[in-house]
Amino acid sequence: MVKLLMSTINRSASQFIASVVSNKRVGQYHQLILQVGDIVTFCKPGNFIAIKVGGESSRMILRRAFAISRTSQSSSFGGTIELIVAPFGSGSSWLCSQPEGSELDVVTPLGTAFGIPTEPVKALLVGGGYGSAPLFGLAEVLKLRGCKVDMLLGASTGGKIYAPMEGKRSANSLRIYTEDGSMGEKGRVTDPIWALVQDNAVDVIYSCGPMPMLAAISKLVEGTDIVHQCAVEESMACGVGVCMTCVLPVANDQGQVSMLRSCIDGPVMDGSLVQWDLVGQVHEVHQ
Amino acid sequence: MVKLLMSTINRSASQFIASVVSNKRVGQYHQLILQVGDIVTFCKPGNFIAIKVGGESSRMILRRAFAISRTSQSSSFGGTIELIVAPFGSGSSWLCSQPEGSELDVVTPLGTAFGIPTEPVKALLVGGGYGSAPLFGLAEVLKLRGCKVDMLLGASTGGKIYAPMEGKRSANSLRIYTEDGSMGEKGRVTDPIWALVQDNAVDVIYSCGPMPMLAAISKLVEGTDIVHQCAVEESMACGVGVCMTCVLPVANDQGQVSMLRSCIDGPVMDGSLVQWDLVGQVHEVHQ
Amino acid sequence: MTTFDFSTTLGSAWFPTPIFTASGCASSGKELSQFFDLKDIGAVVTKSVMSKPRHGRPTPRMAETPSGMLNSIGLQGPGIDSFLANDLPWLIEQKSRVIVSIAGETVEEYATLARRIRSVSGISAVEVNISCPNVENRGLVFACDPDASRRVVDGVRKTIGGELPIIVKLSPDVTNLPEIAAGVVDVGADALALINTVLGMVINLDTMRPHLGGKTGGLSGPAIRPVAVRAIYQVHAALPKVPILGMGGVSSGRDALELILAGASGVSIGTASFGNPTALMQVQHELKELLVARGFTSLSAAVGFAHREEM
Amino acid sequence: MTTFDFSTTLGSAWFPTPIFTASGCASSGKELSQFFDLKDIGAVVTKSVMSKPRHGRPTPRMAETPSGMLNSIGLQGPGIDSFLANDLPWLIEQKSRVIVSIAGETVEEYATLARRIRSVSGISAVEVNISCPNVENRGLVFACDPDASRRVVDGVRKTIGGELPIIVKLSPDVTNLPEIAAGVVDVGADALALINTVLGMVINLDTMRPHLGGKTGGLSGPAIRPVAVRAIYQVHAALPKVPILGMGGVSSGRDALELILAGASGVSIGTASFGNPTALMQVQHELKELLVARGFTSLSAAVGFAHREEM
């Protein structure tokens, strides 16, 4: 279903100047809308954008990657994409401080996209923190294909739940979990998954969020027929496949493990092939 | 008259946040007005300000120095100072792009000031390029002391002559020289000085501009009684006397040459004591 | 109107422009070809290839630092067989000029790699990356040991014969760079590549341990440019006839010009491509403009110009 | 509420906080005292003093580089007589703790300087800056020569006796830093200062010659921080009992913490003071907060914490 091993840069990628159409605070995040013109037609749920940060004489030399949350064609701005940015360190904080009208040097669309089933299936979308961002655009697409879309969102606290009104409409159900109980149910977003799996309520899981969450889901569905497509988040220096910093140990069909680049062979990967236990391990063994 | 060898940082210096009250283009320069509060009372003609440039995550780690052009006490903003900035490299260009309301991390007032005569004398003020900036504030002070103030301004081209309307009023005469003849007379600002010296039309010369201009003036008045107070411009890493990068060879009364810091023993120095021929020379001799 | 000669040579190899990729910063070339035509630059310097496939170092493999970055990739790659079967033919098909970078863990491995590529056509030169741990000598990096450096280059020279120019890539992490440079030139290096990354480390303040999986990493980017300029200047002063492929923190035409005036005949762009995938085209364009604006009629007239006598 | 112990020691010298000025970056102390009280920091490390007054190198003496700067001051200073007569008494009057940095052109000059200061009271320690050209050996920098380094320190140790702690300041521009470190510890260094500046160069694109009067200069500032962290980590791993005064690109509490976790018992702030005259106070304040937030009850518990065994 999801074509892995693309092993070459997204054919639609290009570098251009995008202007900030709007920048709004949403809970602990910023929602940024960027004007991207016709490029929007190539942006698929799961793809990301790499943005130069810090301005002209910035000491930050690397781009920052952000998942494309939703795309739209508006009459006044042409093609636009939405990003959900957590002001974390210096790069993301700079981005969140860019006013309407600012111009950003961007490269997009990059990376693999979520595989879309050809038949109507029962889909479970699981998002952690700002990881919920790409799930709303995905939900819309799945809905159009007649899929049943259930959504689980989790975060440490309510301010870190991103769940826009419009987005909720694309899902058949939405449950929210926070670790401090400040919004939705108290607990982890992975807590209800086991029961859903047992109930045969799920054919495909789409997930996006912190790596431990993705690993936990992979573990939960191990041995089942459920397809698990996860969008990983490894630290990336280039985002276009030239630096080899963003690698993850991933098995192929024969079980042979290679270090694949999560920027071009991902971010969307088949969760059952990622060798979660080997991530960050020293394995200086030769293939 | 002018007290050299202060050899300690300007006692009034302090570090604070100043906001940009206005930023206007004037020819090829930007006129910036900064709100500095009560500090304004300590800012004397010849003093400079050191400004952090490039924002939060700037790769420029050193401050940029700018001569304080004029000071004023306004009812709406309290104490303000004016700077004349040439957008040259990345630091000054950044500064020129700061909109009204921006906040700047500044240290001021720094350095020595022009010595003000106790009696009314015939003063000649010579400015090259943005070097004219501090001369207008100086002219006002000299005028109040009853001095005759003649002014000569020069630059390569008319767009680099800074001579504000209000400022002109403080001078008894003003002549402008440009190398391309696009404004005032064609020629160098130093051309008319020899004749003025011969005519006994000058007691003190105050100069500010490129180092070769200052050196040329020093040469012209050599052997005369004319006092030459020049504001030098050496490249400065710290501006507060701790790094020893900004040194110039300056003689003391006994003719002994030392490398003095132009940030604390200057920028205003006695032109007859600066050893212009030794500037930038290798002289690894011990004192 | 005079024409400007932008071409350069490294040993017997000729290139239409002096702008190259840096080894390990352009993967096999395919990825950048999405952004510009590889035949428009001087040459693609491939990532260092070893005799066997390698997984490389554990992640995290990078840390951003002020105006720079650390990497510890550990020469992940498919090995020479796969390189010759897949990557090289693709580059040749693109009409790209190719400099093949080789790396080994023993003196013998370098010679073996040289043997594998000596008769392959379509290669302009070989770059010998000696910034690798020598497994036969307590993991001491070849480039930090004058004797081991010479032995590697001697082995490659003897195996490869006189045809293919050998560019030896040196590490700046040594007490006496001109000495190491002279040593490898002595045994047959035709040109030198300067500089490889500077050894560095970042401590992660959350885990309170070294951030990189490999603990230490190589510092690259604008932060190290003054070190690169110094290294090139020093080596050009000591060995004025040996061409230098300069690199280290170049991200604009002005940066490239600095390296050329210091003594580089060509300039590789590494880290700058990460932040700007079209950096090579931009640097190439800007460099040409700057040279023309200064009245140079050829690139070669500018090489080492900062060393000229006082007039 | 537990109290936090921020004090540190270098050899037998005790300091209330681990934040120091860096030699050559605070002149004689007077200039910074306009911005904060010198007795509130760990100590003032004075600029390196030589036996005679010196003019230093020709201007330009500095060039800004990405996240760093080059300097070539050439140890301008008034000489030891004037230092002892004017600068030192003033610092002592301020109740500042003082570490005197000495520099020489011969092994003998270092010993002579040591003799001049050994009986002067009010000095906490002596920092021996061996990154100076050795006029007796073709200008080869002492710190780049294991043997010359040892001879300098041996001479100072023998002259100064056992009282005053000796901190030897090393250059990162060497192939094997732990070897040089071990050598000077062997002959009596009580502590090490790491790192001095990294040798660099900038070419001026207008004159098309080296920008600095002294051609090469020392690179400092955030750009070199990863090199400093690596150097401190390496030397602490090799000599875990020898205290290290760390420095190189520290401009915030988080930077200082990185050096401390890597193995530094104290941290000098150099270039950061140029951009921010109150940098020392800011770093000191932030460092304390960061240590407390991580649950440390003393500075010393954090020293070298990044080396702890995996649990």
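Just a few scattered comments:
Should a chain be cited, it is by its letter among A, B, C and D, assigned in written order, with residues numbered from 1 in that chain.
Definition applied: contacts are C-beta pairs under 8 Å (C-beta built on N, C-alpha and C of every residue); 3 or more make two chains touch, one makes a residue touch a chain.
What you see is a predicted model; the values in this text were computed from it and never measured.
Taking each chain's centre as the mean of its CA atoms, A is the chain most distant from subunit D.
Measuring from the averaged C-alpha position of subunit B to that of subunit D gives a distance of 35 Å.
Averaging Cα coordinates per chain places subunit C and subunit D 34 Å apart. Per-chain CA centroids place subunit A at a distance of 56 Å from subunit B.
Shown for subunit C are the residues that touch two or more other chains, namely 66-68, 221-222.
Under the contact definition stated at the top, the residues of subunit B that touch 2 or more other chains are 59-60.
If touching chains are joined by edges, the resulting network of the protein chains shown connects every chain directly with every other.
Here subunit A touches subunit D in the complex through residues 59, going by the rule given at the top.
Residues 63, 65-68, 70, 144, 173-176, 198-203, 205, 208-210, 215-217, 219, 221-227, 229-230, 233, 249, 254, 257-258, 261-262, 290, 294, 305-306, 308 of subunit D are the ones that touch subunit C when the two sit in their complex.
On the side of subunit C, the complex with subunit B involves touching residues 66-67, 222. Residue ranges on subunit B touching subunit D, taken from their complex, read 8-9, 11, 13-15, 52, 59-63, 105, 107, 234-235, 237-248, 258-259, 264, 279-287. Put simply, subunit C touches subunit A in their complex at residues 24-27, 30-32, 34-35, 47, 52-62, 64, 66-69, 71, 73-74, 76, 213, 221-222, 251, 271-278.
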